[in-house]
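The structure that follows is given in the form of structure tokens.
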């Protein structure tokens, strides 16, 4: 069965996404990295579904897809406003509140 | 889906329908007051369906949702809190959101978030869990950045967004791992599979930890607490209130159900993890709040600590723990509503009043408002006559009952530390009014003495809750006991 | 009439309350009336009680009266109860009698002072407390009086409160005596723990029954009581407060620091004689202590410049004699010396007061002189007093009492010969310093012009006391001279009689008396040689700038003050001045820690979302690492 | 009768808002309302106490008056009040000291008069509740209830450093309380383990028998809770700051009454609930008492601030209470009782005087005073009197308290008692030092100041009269409390003789047997 | 079969690495598209054909387009990168990876007799039944989830009318 290698791949992808999230300052990249992480989770679900021969994994993928869509729209809306207000997409620049 | 399922689901269906109604109302005609009333009534009607739903509870509706006493109780809490927040929001938005375009969606988003909260309370399946989680988080994200012309809300929104998606990713991946190992998606089946294992697979445990990290992020438990102060500070104050109350209560309801049904508290690693989170949260929250000069941040740090206390209660395990947690969460919601409510009302009079010095001598100029804040602070500090004391008492009782001596000691030690910053704010209320400011303000004070009746009613409601629970908590305790037994009964009923 | 006993202490107390509460509104005359009257009434009551007492005496040796139950709970029963026997009657008589005379004297002496009412209030309170002390049936009530007199002594020494040194002196007096009092209190605790009672008579009878002679507990308790007595009576090593106590008005010195309070120690030891008899080593210690004190005080008295300090040291020295007598078991002798000493010492102080009064409060004897003519009354009475103190043979009371003591020392089985020699030396020194005073003050040229003799109210007590100083001695005369035993007979109902060594007969007594006589006269003669102006060395004495180290040592009372200063006072001040609450520092440190923790942690709140995400990742990895592995 | 108990608590609490509103009617209306309410309370308590002496014979375990209503059945919590000799005496003291505090603040408090007196009444209501509650939860409820008004009194009307002081006060007392709360909860749960139902009721918990290990820990927790309030080292450091910075009225309440709640807790709860651990804990507690006496006395000598001096002396005196409470003899306990009353009276007087001085010279620094006797003779005389009371002059009430404690404890701990006696010498040093520096010597501050007002002087005279009365006739207090103390000692003796088997696990096995009322 | 999986996995990982390391947003997006395509192949290999299709249609199509859209909208912030976006090298990496994937898909089509094809039909059926059976509430909730996305994007994304005028 391919489910275990797929899970390993999912874990790798998740890790890569996390690395991207942490290492990129541009907020767009961070969003991309998050997409990768979500994808990794989706892959893991599908691997699980494959392992147990169930359709639930695939259905979960469907919902994750919905989430990604909804979320990206909101995120991009915020990104637009941010770029407008702060004139930058540098995530580290948004640190007026601290302490 | 038979009729009884619909009855059981009536709160969720009701609110869902009202979301759509509200959306249509907005599309039809924009009117701030009308939409606010509409939102308020939506919650009220939904609240009214709870007793109806209770007649068929406990009942599992498909595999996704379980409507039982526990869920209904939390729904009641969430809806009441939302109502108070709606009532507080109206004037706040009127004063803070000057642009006339698009203030109404606020209420729609609020209702959607609450809808997500309701789903979370009933969730018994990974799908409903995660969808409720996201509904709540996504709506909140927009709400936090709702004052989109200002820098702080936007900054808060982007922080919340990124971290909440991170939380979702962790959560989802964790759920996926759980699914991968156990092949089941309902909490109950997962719990069953756990019981069958001789040793819990590492991957499963890793998944569980990831799930718990996701939850901890939403609850703001240290070391996953970092977003809390920034978001609390940046978000519009009613939304801050919302995050502090509804969002956390809903997640806590879910955690409780997860803990009960999966039986994770019987796994030593999870107990250790929670203990660690509890202690770190208490210490971090309290230490960070010590010298904080921003009221909203201060309350944010205090909320971190409070959920540390809740974890202590949770760790006790068994019915007393569930009781204590629920009681504490209800109490915490009441006092947060009180504290943030005052900040909201005070900020509704021009400019955010979130510096500690803004509150200097408030008692002499605005005794009722200051009194309300004082009451909430005392409650947060756990002084008798207020609900906070009973809550803390409950938590300590649960902890002692389970023999968690070190955690209980940490709890009381931290309570003492926390007194310092509550008192700092408390004292400020009774400080001397600065002379230069006092004189020109005479006129404005007269004018702003008028607090909208909505604020009076909502704060009065919260105050009475705090006091009644502080003096005669027995009815609520009985209610919670029933709901807890309900929660446990569902577990017992399942094959 | 005996039932009026309670009235004796209550009358002065009433006087005190009256003066304290409405002293400000009374005229000076009324104040004097109340002040003297209350003590006078007490004296009259004493007389009435005494008549009644003697009418049944010796068939009935004591009279007990309980006013009310003071403490009556949980196994402790202590009453406000009075006990009258020969010993206490003697004390009461002296206190009220001499007290009245001194009050009378003060009425004039203090006439121009601001705190007239205050003064009499304190004095009345003192008399009340002192009477309570001597009349107490139990140790707790005795302790009440004991502390009460200490308080009054404090108040009266610091009477002129504007002078900071006076206040210090008062404080010193109280604190030093309090050390003794505390020891006494501990003694009380032990006794109560052992016998469950504090009644003086019961305690002693129980102690005699329960403790063998020389037992540890008896020794400890005796020592504790001794420390108490030593503190009150200004004996070594707690004697340092007395010279400074002369800061108070002279009548105070006469009443408290000469006639009555300082002898409370003697009374206590006499009262508890059963207890001390159980501890012979302690008793021996008393004798040695008395001897050392008397010599030390006598030598110090020799070189003092202040007239009152001379008298203060002399008081110390005379009480040393009393202790000596107590120590060798000559209980009646000690009391007899107490009686005579009260008379002549009160007389001396009052006369000195008269001198000071007429010299505008000049107390330095080197600035006095030639007052013989100007103050004849004073001179003669002072002379009588000094003679009595020096023990001029046959005609003065001091001779009889001192002689009795020395004879007891000589003849007692508890004594040693060297003690006797020491005491004899002391007798000689007494004559020397007493007459040094006479010659300095009343002879020679006038250095400060006096205002003249004082009024009747001051002269009358002087005369009466002078009369007593001469005649009291005839109450008890040795075998060799008249053999009057009125006093010892009377006291034998309260105190054991003196034991004699075998082989002590009248001839040895006579020889001993001769020695005493010679010593006293030698002292006086030496004084005349050294200090009488116009005599052999008289001129040298006028030099007051004596800076010889030995002189300064003596003037400072053998340097005890300086020693204690180094040993206790300075370290104490060092401790208190530099001590802040250490525990509080600890808590402050905690607070600082919390604050720095806050500072450190709030640096983690950078506001940068990537850092937050990193913290999540690291936190998750740590949790995974901790638990999933 | 049961209603009367509630009235005792409710009269001050209900009068509090009236006092606040009273401000509108007249400047002095709040003061009169406080005086009235406290006077009624006093008389009521006196009446209840009178009932007591009439029907005295009841003896063991009986309350004079009792009121019992269910409150939170979930945890076996009930509104259970009970009155016995101990509470009567302390309630009388509370009402009296409250009246003194009101009089003391008559001239000092000029702003927000209504609120001030409202807080005073609330605090006193809480204190009376503490003295009446015999359900441990209710007790704790009142125990905390009195804090907030006290805190406000300090923080609103206090002196320059009030913020710091009030924080310290609150943090310390609250820390102690929380430890106490944990112990109370543990006890209630132990009862649950034993009988199947939790109970916070005094009578139920008294019947609980614990293993010695558990008893030791719980007793320690109780001890900490009460020692903070008492206070005893090392928990005392809040006290000097607080006493010095609080307004005079509040200081009088703090020193006169609040400290007594700690002592009350020791007597009412710590001793009878854990007789098993008494033998182990007693030497520690007594040692702390002695340390407190000496340490505080040394520090009192070091003070230049008159209020701090009195504050440290107060700590020193409280050491005697700790000493006596654990001596294990009835006599010592009676002494503790007496000391509580006496100290309440004497510190009330001293702080009234210190406050009066501060009001007149705007300083508490004794270095800037001196020679004030001639300016303010009444003040000086009364200070002298109370200094004497404080140094334990026989014939005054403090003496009876201290000496009964010492007499009662000597048999148990002779060495400690001897050390404690040294405190008497130090008491003389600081008390007289205070007199010396303020009233004796040359006048430093030549400003003229008015002497004590007639009212204040009259009050002080009255307290002085009480001091003398109790000093010469302590039976008034001792007879009332005797049955309570007898019972205490008997209980301790009976229970201490039971032998227990130690066990290993945490909570469940810490019960050996229970004499709880229902199975 | 397995070979295909591993190749696709390698492509996924490589492309992802490029996504997170690339300096240009558009390049990164292109690599992400490749990742998604590779993932969809893996889904297919795991037997989830429906998911594979959706991955390409919705993820690769809709969501990525959204991103591109935003990148374009953020014109001023990205203007200096304008020139580099159209360099050849940008296309090389994705193209190669895409070609690899294309080859794999071709192989799959060519080797037509794969078991996953056989189970495909009943599996889709099962999904449909599940979606409209036990998961019906989930579907409804997912639809509700899109609502905040919609409203949020609407509210946050648009500029203020006043500002629009001033800009």
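Letters A, B, C, D and E mark the chains as written, and numbering starts fresh at 1 in each.
We adopt the following convention: a residue touches a chain if its C-beta (ideal position, glycine included) is under 8 Å from a C-beta of that chain, and two chains touch if they have at least 3 such contacts.
All values derive from a computational prediction rather than experimental measurement.
Under the contact definition, subunit A and subunit E share the contacting chains B. Counting C-beta pairs in contact, the pair that comes out ahead of the other among A-B and A-C is A-B. Among the remaining chains, the Cα-based centre furthest from that of subunit B is the centre of C. The innermost chain, defined by the distance from its C-alpha mean to the mean of all protein C-alpha atoms, is D.
When you average the Cα atoms of each chain and compare centres, the chain farthest from subunit D turns out to be E. Each chain gets a centre from the mean of its Cα atoms; for subunit A and subunit D, those two points are 63 Å apart. Spacing of subunit C relative to subunit D, judged by their CA centroids, is 39 angstrom. Separating the centre of subunit B from that of subunit E, both taken as means of CA atoms, is a distance of 35 Å. Those residues of subunit E in touch with two or more other chains are numbered 135, 138, 142, 145, 148-149, 152, 154-156. Annotation for subunit B: residues touching 2 or more other chains are 127, 131, 134, 138, 141-142, 145, 148-149, 157-159, 162, 166, 229-230, 292, 420. Looking at subunit A, one finds that residues 3, 17, 21, 30-31, 42, 47, 49, 56-57, 59, 63, 67, 70-71, 74, 77-79, 81, 91, 94-99 touch two or more other chains. Chain pairs recorded as touching, per the definition above, are A-B, A-C, A-E, B-C, B-D, B-E, C-D.
Residue ranges of subunit C in contact with subunit B, taken from their complex: 594-595, 597-599, 601-602, 604-605, 607, 609, 611-613, 615-616, 618-620, 623-624, 626-629. Across the interface of their complex, subunit E is touched by residues 2-3, 5-6, 9, 12-13, 16-17, 19-20, 23-24, 26, 28-29, 31-33, 35-36, 39, 42-43, 46-47, 49-50, 55-59, 61-63, 65-74, 76-81, 83-84, 87-89 of subunit A.
On the subunit B side of its complex with subunit D, the touching residues are 378, 383-385, 389, 393, 396-397, 400-401, 403, 405, 408-409, 412-413, 415-416, 419-420, 423-424, 427, 430, 472-474, 477-478, 481. Taken in their complex, subunit A has these residues touching subunit B: 3, 7, 10, 14, 17, 21, 27, 30-31, 34, 37-38, 40-42, 44-45, 47-49, 51-52, 54, 56-57, 59-60, 63-64, 67, 70-71, 74-75, 77-79, 81-82, 85-86, 91, 94-99.
Contacts from subunit E toward subunit B in the complex involve residues 134-138, 140-142, 144-145, 147-149, 151-152, 154-156, 160-163.
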